[in-house]
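These notes open a run of structures that come right after.
Each of the next two complexes has subunit A plus one other chain: subunit B in the first, subunit C in the second.
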Partner chain A sequence: MTSDVAVVGFAQSPVAVRDDATTSGVEMLVPTIAEAFGACGLTKSDIGFWCSGSSDYLAGRAFSFVSAVDAIGAVPPTMESHVEMDGAWALYEAWVKVLTGDADIALAYGFGKSSGAELRRVMALQLDPYLVAPLWPDSVSVAALQARLGLEAGRWTEKDMAEVAARSRAAAASNPAAQVSGPVSAADLLARPYVAEPLRAHDCAPVGDGAAVVIIASAARARDLCERPAWITGFAHRIDSGALGARDLLSVPSAAGALASAGSGVPVEVAELHAPFTHQDILLREAMGLGDDVTVSPSGGALCGNPMFAAGLARIGSAAQAVMSGRAGRALGHATSGPALQQNLVCVLSGESS
Partner chain B sequence: MGMTITPVRLHYMHTASPGESFYLRGLAERRLLGQRCGVCGQVYVPPRGTCPADGVPTHEEVELAETGTVTTFCVVNVGYPGQKVTPPYVAAQILLDGADIAFGHLVLGCDPGEVRMGMRVKAVWAEEGISHFEPNGEADAPYETYERFM
Partner chain C sequence: MKQQAAVLGVGQTRHRSKRTDVSMAGLCREAADRAVADAGLTLADIDAVVVGKAPDLFEGVMMPELYLADALGAVGKPVLRVHTAGSVGGATGNVAASLVQAGVHGRVLALAFEKQSESNAMWALSIAPPFSIPVVAGAGGYFAPHIRAYIRRSGAPSHIGALVAVKDRRNGALNPYAHLQQGDITLEKVQASPMLWDPVRYDETCPSSDGACAVVIGDAAAAAAAPGPVAWIRATSMRSEPTMFAGKDHVNPAAGRECVAALWRQAGITDPINQIDVAEIYVPFSWYEPMWLENLGFAAAGEGWRLTEAGETAIGGKIPVNPSGGVLSSNPIGASGLLRFAESALQVMGKAGDHQVPGARVALGHAYGGGSQFFSMWVVASTPG
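This part shows the complex of A and B:
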């Protein structure tokens, strides 16, 4: 059992409105994996364990994720796994594999062709299949209910939400993978129409296709592969009830719990949050106790590019990048899954090994 | 007591990748087009735009013969809604001459009982693409020629 594992590489494809890739993701993954390999001088034969995150619901057919294995060149046969979740959870599985000594170097990838069908309707199928999903409460409407609750409880205003969008888009100007970016004022955004009241377009992550890749290594290998590895000092995930009516939608105990377990003792300078809606950025900052001294989502976050099943992994990759580049001593990457922030994962990264 | 039916229906739009588009345009011209891997040299049809063995993009385009060999097959005896051919009929894996991967297609034009491993077949074209394969009368291919693709 090894105790120290570090992120040594990260790459993501540009998030596209409708990429010309197939739902297998292969066309987006091949260049992205090659880019991640190139940065740390690895080839596929160096990878002891591969794990992917994706969902067949985006492809509309069973076992489509198996086609994605074409992208990794699995000859001779290799150790490979898949989670029907964001690639962040695939990274968690890969981390456990390295911790247990089953692999020295592991690669997690996530991909999503979100544009294959009408995403907000596809996402309705993650709800209770008997009593809720048949009503087709789409993902934007569910998030709108959460945003409305917060507005009525005085937790935020529509202006607060617009300011999150403006902050994110300004930050994304330096992120070449972002789907939307650039300076815009909250006042301009508030003049635009509602999509699902109280949400406007800027409150919702854009629908986009993309892929992300993160490479991790044991202490024995990490320093050879990366000048300044991003050591994983804590990694945890928690889940709240899947029944929307059984949860207080204005608290996110699973995010707070994941952070507590991953290590909230030492403050982080950067937090990459996977908040697909503006009010969820506010909710997550509150739940995790992130103050004004923390730079939130300097990549622009999910509001500027949210390829399903890759965006959470890209948050961890972006947080790791902040550490690897020396821009931050400690950073956290967060991923969410399920309706209205039901499930949350936190990965804490540091320039110093524990 | 009553019953409620709640339809669950989603509409998907398939995106043909550059590799798939190249293949489909070939079919429209009654040509079978594949791609060769620049690393291992294997030829894939339909082309995938990538080599699943090496994980690298494939760029070299290759035109294949419309003849091939049955590597393995099954006789379909079971009916199902929407079935286009009346059972019994043969669904086979066919290794096109020049290809390094077999693909699935129908073998019609003979009694299902006559279909066998190694049988030589040729494509029968329809309005758009291949309708099915049928025996082309050549002597069976020796087992060693398709053993690697089983």
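This part shows the complex of A and C:
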């Protein structure tokens, strides 16, 4: 049943600190949606269901998604919904909608202007509002605690972390949407200063603005829209405890659980991981049992461009692109949300419908 | 192929202006515990949780569902967070229903809440983002001109709004969970209350509440195993349009008309006023009762107020509207839509207590949000249909 839906289109805006884009997302979304439509030969009237992901806190206003409705041109009215989550979960809601038969073609989008304020301080407001958030432990510091635990447990070294950054930046050289890219040696990176010990700048995703769009279609329509659709063979997500002190920060049961539910039976060739910190790339590969035979984040991943609320959707889109282009037979896209990898989503894609 | 889905259980908190006795987690757990108990289940039986609430600025917490995962028994499970402005409670119910209808899950908990006392909704609604038209008037100031436009268009007499307020507040006194308990309210008192946003008086305005609502939705097998009556979900519908555009009808929005047309089509309803036994409609300001009666097709354009004036929207009337007391009696904003959906389910389950509409078999749940632009609705019935 789950292979009845396929990704048929993907587009993302270049990730950058965008002075020309407001928090409404409209300026980043309009050209990105147009690009996705162009590749599939679709127009807005073909879309049966729209779903977006964004954050009011990132936008610094109530109802961040209200102006974004202008970008989709919702006249006449559209069947539409919104999640206060990364666009990857908007895609999940859209996938469910297509499974019910209420829509044949659905479009999910995510957008975020991460540079609108001091991102790491904004993200602190995701923590327990009574006992933790008032202390303002920012998101980089929380990730640093996790990295420190792993270093002390002998799970990784600072050199391992720098090598993840170097690998990601080299891969991102072929991704025009990347915010940072290019060859760099781990040794050079390790010579640079800490930003939140043991994290250096290269260990943290850059702050950037962007949008991503993924179009999915039912079996009846997918092959008309795309020469080689990326069939969704599994799609699942899980959440771990919100209490940092109650979690083992060196295991990611929600990522392992999501993968198990989405179907880990057949190995993938490509995994696009949403790891905003280098040590989280290592943690996720371990949690999901991804071996050396899997190409991890050939787009450069979130470490080379992490537009909040769009980056997870962009990982799924990049994984789908690997399948649609024929570069991979099977690929997975991953998205994360919450402090220290609290919530995780996995979408498994295949060139063959089962 | 769409699977059957039904409401197995309903729970809500006692809504108050300040629930200082509980945290956000405690508030949500109160509703969740009641819903799963009503369904004869425990939280361990739930496959997935859908959380809905209005803007995060209302409590000052970014994506509170992350922190609430433990309180909702959701650790190790999927959690989706929906936010579609004031319609979010309805959208939460519809998204939870779609997870069952798609065959993805067997039992889903839909939970929506707002703890307005933790922050200031008026402030949160008054932030003026760049390049947007500032409202700086909260919801009442935004909707009052559209109400005046309705009165001018329809020629409705000026006391209609007060009639709605009296009916809803008296209904609220029949509902032990309702925030406002005003069983002795009179037309004279409403009409003597201060004018806030002409023509909306203080007593014609929704309160600001702390509260949560939860609904357990299950598939046919879960419904068969339920200990009591269930409410079968016959149809769900959502539509959106921009806040403003050339030709937008703020009084009778196209998104609402198209949303309900799709809803009636799915549910096989051709004569709403005779086929729907009771309606829980999102009426935050009294005049929205006649306005939505028309938008929903219970009355022709310009005629909705006649149903209200004739008492046809009271319990025992032709189309009872908001027997629970509605948004005018309890308004935890993010939960208000799910409360409408839940109360419509309680009616067809025959479990609405003192505000039960006798013999109710088919009911409408309705919510709207933003600048009359986001709509979510469902039809529930005592049989699968």
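Please note the rule applied: the second predicted complex is superposed on the first by the 349 of 354 C-alpha atoms of A that agree within 3 Å, B and C clash if a C-alpha of one lies under 4 Å from a C-alpha of the other, contacts with A are read in each partner's own complex, and residues count from 1 in each chain.
Criterion: a contact is a pair of C-beta atoms (placed from the backbone, for glycine too) under 8 Å apart; a residue touches a chain by one contact, two chains touch by 3 or more.
Computed from a prediction, not measured in an experiment: that's the story for all the values here.
K.L.:
After lining up the shared chain so the two structures overlap, which partner does A:Val69 touch, if you call subunit B first and subunit C second: first, second, both or neither?
P.N.:
In the superposition, A:Val69 contacts both subunit B and subunit C.
K.L.:
For A:Gly60, decide between first (touching subunit B), second (touching subunit C), both and neither.
P.N.:
A:Gly60 sits against subunit B and subunit C alike.
K.L.:
After superposition on the shared chain, which partner residues are touched by A:Pro253: those of subunit B (first), subunit C (second), both, or neither?
P.N.:
second
K.L.:
Pick one for A:Ala153: touches subunit B only (first), subunit C only (second), both, or neither.
P.N.:
neither
K.L.:
With both complexes superposed on chain A, which partner does A:Pro134 reach: first (subunit B), second (subunit C), both or neither?
P.N.:
first
K.L.:
Would you sort A:Glu118 into first (subunit B), second (subunit C), both or neither based on which partner it touches?
P.N.:
After superposing on A, A:Glu118 lies in contact with subunit B but is clear of subunit C.
K.L.:
Please tell me which partner, subunit B or subunit C, touches more residues of subunit A.
P.N.:
C
K.L.:
Taking the superposition on A as described, I'd like to know which of subunit B and subunit C A:Pro339 touches: first, second, both or neither.
P.N.:
A:Pro339: touches subunit C, not subunit B.
K.L.:
Residue overlap on subunit A between the subunit B contact set and the subunit C contact set?
P.N.:
Touching subunit B in the first complex and subunit C in the second, residues 22-23, 59-60, 69-70, 74-75, 122, 125, 133 of subunit A appear in both lists.
K.L.:
Can you name the residues of subunit A that touch subunit B in the complex?
P.N.:
Interface residues on the subunit A side: 18-23, 26-27, 30-31, 33-34, 44, 59-60, 69-75, 113, 115-118, 121-122, 125, 133-135.
K.L.:
Can you tell me which positions in subunit C touch subunit A when the two form their complex?
P.N.:
Residues 1-2, 23-24, 54-64, 66-70, 74-85, 91, 95, 98-99, 101-104, 118, 124-125, 127, 129-132, 238-243, 245, 254-255, 258-259, 370-371, 373-374 of subunit C touch subunit A in their complex.
K.L.:
Show which residues of subunit A lie in contact with subunit C when the two form their complex.
P.N.:
The contact residues of subunit A facing subunit C are 1, 22-24, 50, 55-57, 59-63, 65-67, 69-70, 74-85, 89, 92-93, 96-97, 99-102, 122-123, 125-130, 133, 236-243, 246, 253-254, 257, 337-339, 342-343.
K.L.:
Which residues of subunit B touch subunit A once you look at their complex with the stated criterion?
P.N.:
Answer in residue numbers: 4, 6, 8, 10-20, 48-57.
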